[in-house]
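A, B, C, D, E and F label the chains in the order they appear, each numbered from 1.
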Amino acid sequence: MLHYLKFEEYKDAFRFLTLRRENGILEVRMHYNDGPAKWSGYDESLHSELPELFQCVTKDPENKIMIFTGTGHEFLAEWDRTDESEVFVSPQQWHRLYKDGKELIQWFLDVEIPVIAAVNGKCFIHPELPTLCDVVIASETAVFADKAHLTDTRAVPGDGSHVWWPMLLGPNRGRSFLILGEEIPAAEAKTLGFVAEVVPQDAVLDRAWEIARTLITHDPLVLKYTRVSLTQHMKRRFLDDLGYGLALEGLGILSLAQNASGSKGWSFTLPDTRHE
Amino acid sequence: MLHYLKFEEYKDAFRFLTLRRENGILEVRMHYNDGPAKWSGYDESLHSELPELFQCVTKDPENKIMIFTGTGHEFLAEWDRTDESEVFVSPQQWHRLYKDGKELIQWFLDVEIPVIAAVNGKCFIHPELPTLCDVVIASETAVFADKAHLTDTRAVPGDGSHVWWPMLLGPNRGRSFLILGEEIPAAEAKTLGFVAEVVPQDAVLDRAWEIARTLITHDPLVLKYTRVSLTQHMKRRFLDDLGYGLALEGLGILSLAQNASGSKGWSFTLPDTRHE
Amino acid sequence: MLHYLKFEEYKDAFRFLTLRRENGILEVRMHYNDGPAKWSGYDESLHSELPELFQCVTKDPENKIMIFTGTGHEFLAEWDRTDESEVFVSPQQWHRLYKDGKELIQWFLDVEIPVIAAVNGKCFIHPELPTLCDVVIASETAVFADKAHLTDTRAVPGDGSHVWWPMLLGPNRGRSFLILGEEIPAAEAKTLGFVAEVVPQDAVLDRAWEIARTLITHDPLVLKYTRVSLTQHMKRRFLDDLGYGLALEGLGILSLAQNASGSKGWSFTLPDTRHE
Amino acid sequence: MLHYLKFEEYKDAFRFLTLRRENGILEVRMHYNDGPAKWSGYDESLHSELPELFQCVTKDPENKIMIFTGTGHEFLAEWDRTDESEVFVSPQQWHRLYKDGKELIQWFLDVEIPVIAAVNGKCFIHPELPTLCDVVIASETAVFADKAHLTDTRAVPGDGSHVWWPMLLGPNRGRSFLILGEEIPAAEAKTLGFVAEVVPQDAVLDRAWEIARTLITHDPLVLKYTRVSLTQHMKRRFLDDLGYGLALEGLGILSLAQNASGSKGWSFTLPDTRHE
Amino acid sequence: MLHYLKFEEYKDAFRFLTLRRENGILEVRMHYNDGPAKWSGYDESLHSELPELFQCVTKDPENKIMIFTGTGHEFLAEWDRTDESEVFVSPQQWHRLYKDGKELIQWFLDVEIPVIAAVNGKCFIHPELPTLCDVVIASETAVFADKAHLTDTRAVPGDGSHVWWPMLLGPNRGRSFLILGEEIPAAEAKTLGFVAEVVPQDAVLDRAWEIARTLITHDPLVLKYTRVSLTQHMKRRFLDDLGYGLALEGLGILSLAQNASGSKGWSFTLPDTRHE
Amino acid sequence: MLHYLKFEEYKDAFRFLTLRRENGILEVRMHYNDGPAKWSGYDESLHSELPELFQCVTKDPENKIMIFTGTGHEFLAEWDRTDESEVFVSPQQWHRLYKDGKELIQWFLDVEIPVIAAVNGKCFIHPELPTLCDVVIASETAVFADKAHLTDTRAVPGDGSHVWWPMLLGPNRGRSFLILGEEIPAAEAKTLGFVAEVVPQDAVLDRAWEIARTLITHDPLVLKYTRVSLTQHMKRRFLDDLGYGLALEGLGILSLAQNASGSKGWSFTLPDTRHE
């Protein structure tokens, strides 16, 4: 039999994730060379590491609560531009993103322990990641926007953002948030209800740990089943429409790439906009 | 044939509910010895009387509109602690709560006449009861919280609260409301949209009657079909996830009870916290 | 083969709709003799023209973005009372409204290009029409209410309003909005999230065009698939409950009409209330 | 508190149902003056008694398994024609059938103990009643058809038959069964899978009891949860489309009646066809 | 206002469809130069004409029942190979098929009158077309198979076949039918329940007319609402998964085409297999 | 980053599964000491290895098609009784089975390549495992039954059997199959449509390989998306009801165990029946 990994085996296995665990509370911190996290579609990237991390978390029964945070002044707001060459997009390449995209959300929701987000700053890429958490603590400096689709990469927001933001904000603000590239600061996010508490930046992680230490006194099954009960409808909504959205996003990117590259073949480059 | 009960037959049949009816408007008032209502899982309790009341309401065609209110300064915020002995919990005992829990919500939604809540004060236990009503009038003193699960009894919020609060508050505030035991006062409830109007405590019931008297001028079928149209999606959501949540809550309680009692057997006691 | 209509063929085909198109951006303006739009159930009416318009928009690939607006100081707030005679309602007559009612929503959602609403004023009849749009720009003078059902015509709000307002406002404010006939002004609509921006009345249309001109720089497939991704769940919800709501609304109207007319037969007249 | 009825209290309360119970196995036998059962929409009829019976069964925990059977050579194949006068149909009258129709199916599915059908003969009216049971034992003489809609009363098959027969027979045979009024004899029903066993007529009830006596050795919760698990999807399907179908059936009947009666008012008479 | 077309206006508008109407019964016959129908993805083709036909049928209230048939010895089994040149497939080109594919099924289901199929012979392409009809009469010579996907064009069966055949045949035979390219002759189709009756080839159309003439005696609203009731769940299933399947089919075809064409660009040709 | 396992790394990692791969076709053979497979809930068992296997299959892109088979004369019909001591069941222990049970089905359906079953003999435990495959080839000696629930272990059939058999056999035969413990031989399984082909026992595996070798000529994305299209609705149905069924099965087992053990504590033993 394959053995599920123990904490010691996976805790140092990630290049863009730092893990620590204390009495069953697992803290997962995204970073890039220990600075603010960056996103990319490269083979080695947060995009590929996060689904694996979620599976490790799920399979190791020693994890009772998870805290999810970033590094420095940003939660997730920059692209990794190590490789500035053009990416030629084919249906096969899109398939990897389609598959990763489904797993990123599905395996996150399959984590059957409470997850607390400590949003330490701007979240411009995959802002569904922190907001899918059960309790979201945000820094006063946090800002939420979806800069990975229409407004920046010019792609269809079909990777789950089309499911989640209309759930979070209602069908109308959810749509205009994605179409207009709106930025929502922490204070408004709290009023809108998708952030539970707003605290100073240096208090975000402590507050998350404080809540975790309170929750962990609960019976472990009660914690698990609370998580399961509260995510069942979210799973249904993503199952209904996530794969479809990703397939449409792929068709749109193939179209974009084909048009952009003309006779040369297909290419797709990251947006020039940097958010510092 | 069994005959559906007439008002005269059921109006005095409840120990914890006082009924009066005037021109088709039925007022249902919860109480405990005519003071503020208390909740329990005892055989004779609001928990068992309310589903029966809902069936009486539904079956008697003389009821055209229902007003649902409490007594004194609280809507529903206290436990009945008459029997302070330990409750030994078995799968059989949980089954009764599972069954009652499904009926409580299902039969409430099956009431096919408009229901107006007059929330006269704090609602800390089953706060979905008043908020499932079509129009919710709240006292300035009303406060809404779910004290029957995680934060107090330490049980999974699987009895419909996991369905309803994410519907009412969005998936994120819905989850943190349940996990953190948040209290939402009437004024904020109005801003959040789950209360229609906030009035002084002594005006709550009058305002509910005023609305009822306006509504009752409508064609009875129009009133019924308005209720049916507006609750169909709510029924679907509860059917999808209510039974499952209750089953998970039961498994969690069996675990809690087993752990608490050790070799002695299982027991489960009410939380110590009193909300006065 | 039948040929889909070109813009030149349908642009002048509507009596209550004025169309203009510029570089793929189609502006649809409702009007009544070039004044503010009026609503009716007559054979020739906005009710019958809009579904056809939506089909023309969908079928003509030259339309890339649609702007939907009204005329003068109202978006849609008045009844056309040209024919003041009583309408005798039969199941056959209701069937036409049932069919049109389903088509009005379904064909609107089937428009596979982004739709921007420029809400130039009060919207008291079918307020779902502008709010179903992907981005809603509202005049400071705009007010939203449903005056076509309970509070005015005394009919069941079963024509999609029962689906949409609980989606937009949550299940509780959605219900009380419909039952109490609440009016929501533009500023509050923005806070509630169903309006994206509020601007002075004379800037509404310009702002819509500005957004349209930004959006149209996108790849046409990206625009289409964004629209499809973001409306898929809305289609599901309307498919689930729209037909049912319309059938119940019809049964209620037949009841109303029968009661109103007594031995004379059935009749149904428009509400007296005028909203100027 | 209202008390749920004990067996002694409800066993003689029905005019068209004979009940006996032995060691937790409840046998419910439909009859008409102790001959073969007849159906009608009268106030006192099987249509009104069955939902009440189902509620009695559900609420009395002494019922562990239910057997559902008919009398003599027919299960349910005849109309009660006691009152041969024309029935004038109004929206109000249809509402009663709409309500009863929903309750008939919903309360049957809410019975949380296994139900075994002993189909003693022809089942031409509401053939979903025996087939909704968990195990269906049929006499060699049994025949299944839906004679209460299109082919005989000329009404829309919207009372659940539109949900159930396509589930039982697939979408195509389900549709043609209802549209063409097809008769399916017991042997073919077994091949098609909606009857579990076919036995001689005089062995039907004994075989049902035999199965019941085997099943009753199970843990009562196991029996209940088996029933619940196996009916959950059926409940979802009926919730989705039962009310809608009934509303459409009502609109169709109002149309039929109006057309039939011309200036005289509305009337609706039973089909002439008798199935003996 | 645009005017819905009258029969006289659209009856001669189709190149591949011959229409005749008698007392409200509309017969639609597919053909190719008046011989057996052929299928293609060309701009002028059955694929583009059928959705338009379905809309004409729906909008013209003089149509009460529709009969759908083919010409000669085949229902639909051949490809139109007029243009033997390679088709270069781009995301834009696929989009047209995606859009047509959704409309083909959706607009067929939106036809709100009963539809009877007279399947005059082999049906190897889009075999869902005749089987979506409410009553399917098949010639003894009819054979059903899906030759437009895996086994012949090598494409994903994502255009609705993935929804419909598992509904018709159960999830397993539905899958193997599509994956193995199984042929099902008429007699077995009747046993399986997706064909209602099997008759000699020259009797197919007569039998369809005979049924139509019986059905047309029903109240028109009863016919419509029967159709609506019986197709509501089918619409839900297609809405859930049709668009997604088409998007996946497109991504697969882009992959196929890219691989097939290598450096030359993309091309896609029809299968060599001819089914005569 | 954690690296997904290559075939060489996982092919020998399983105690109860033998793997071989040839040109992308992966054969997975269940066994017990290389004889017929046995089932148990032990920590090391097929129950725990299969979900892991499914994840290895999914993550390794070199797998293009999977064949799933057993050893000798049985597919899966015996319990592993190595440890004959009583199992004491607690909510915590059930939780592991609940979690494994969800993963067993979910991760199987998440395998995004075609899966062919080669059913070499009796399948009495988890008969959904082979029948969930896309193409099922069965030996003439194969027999299908669910002996792991009501009839043998006396547990609720809530582990997905309650979802799958009613999907495969229709709601009625699905229910009676589970309640009566019916055995369905291969030939009837083919007639019923849940087996695609029946061949002699020694030809089963060869036929599966033959089909695999035909399928593998397809574009890999076409194969993947065919699998995804055809399993999407199955995923929805399992997501809807699998967790709930498992929770109910757990409550039933806790009840059984408690009753069986009386004052001694809880225990649960395997059925005595052996199926040789």
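Quick notes on this one:
Convention: a residue touches a chain if its C-beta (ideal position, glycine included) is under 8 Å from a C-beta of that chain, and two chains touch if they have at least 3 such contacts.
Since this is a predicted model, take the numbers as computed values, not measurements.
Path length between chain A and chain F in the chain contact graph, taken as the least number of steps between touching chains: 1. Although chain B and chain F share one sequence, what matters here is the overlap of their interface residues, and that overlap exceeds half of the numbers used. Mean C-alpha position of chain B lies 36 Å from that of chain C.
Chain C and chain D have Cα centroids lying 42 Å from one another. Touching two or more other chains at once are residues 91-92, 95, 169-170, 192, 221, 228, 232, 236, 240, 243-244, 248, 251-252, 255 of chain C. Inter-chain contacts occur between A-B, A-C, A-E, A-F, B-C, B-D, B-F, C-D, C-E, D-E, D-F, E-F. Within the complex formed with chain D, the residues of chain E that make contact are 114, 131, 134-136, 167-170, 192-196, 211, 215, 218-219, 221-222, 225-226, 228-230, 232-234, 236. The touching residues of chain D, counted against chain E in their complex, run 150, 154-158, 162-163, 166, 169-176, 178-180, 192, 237, 240-241, 244-245, 248-249, 251-252, 255-256, 259. The residues of chain B lying in touch with chain F in their complex are 90-92, 94-95, 98, 240, 243-244, 247-248, 250-252, 254-255, 258. For chain A in complex with chain F, the touching residues are 1-2, 10, 13-15, 44, 48-49, 52, 55-56, 91-92, 95, 99, 112, 220-221, 224, 228, 232, 235-236, 239-240, 243.
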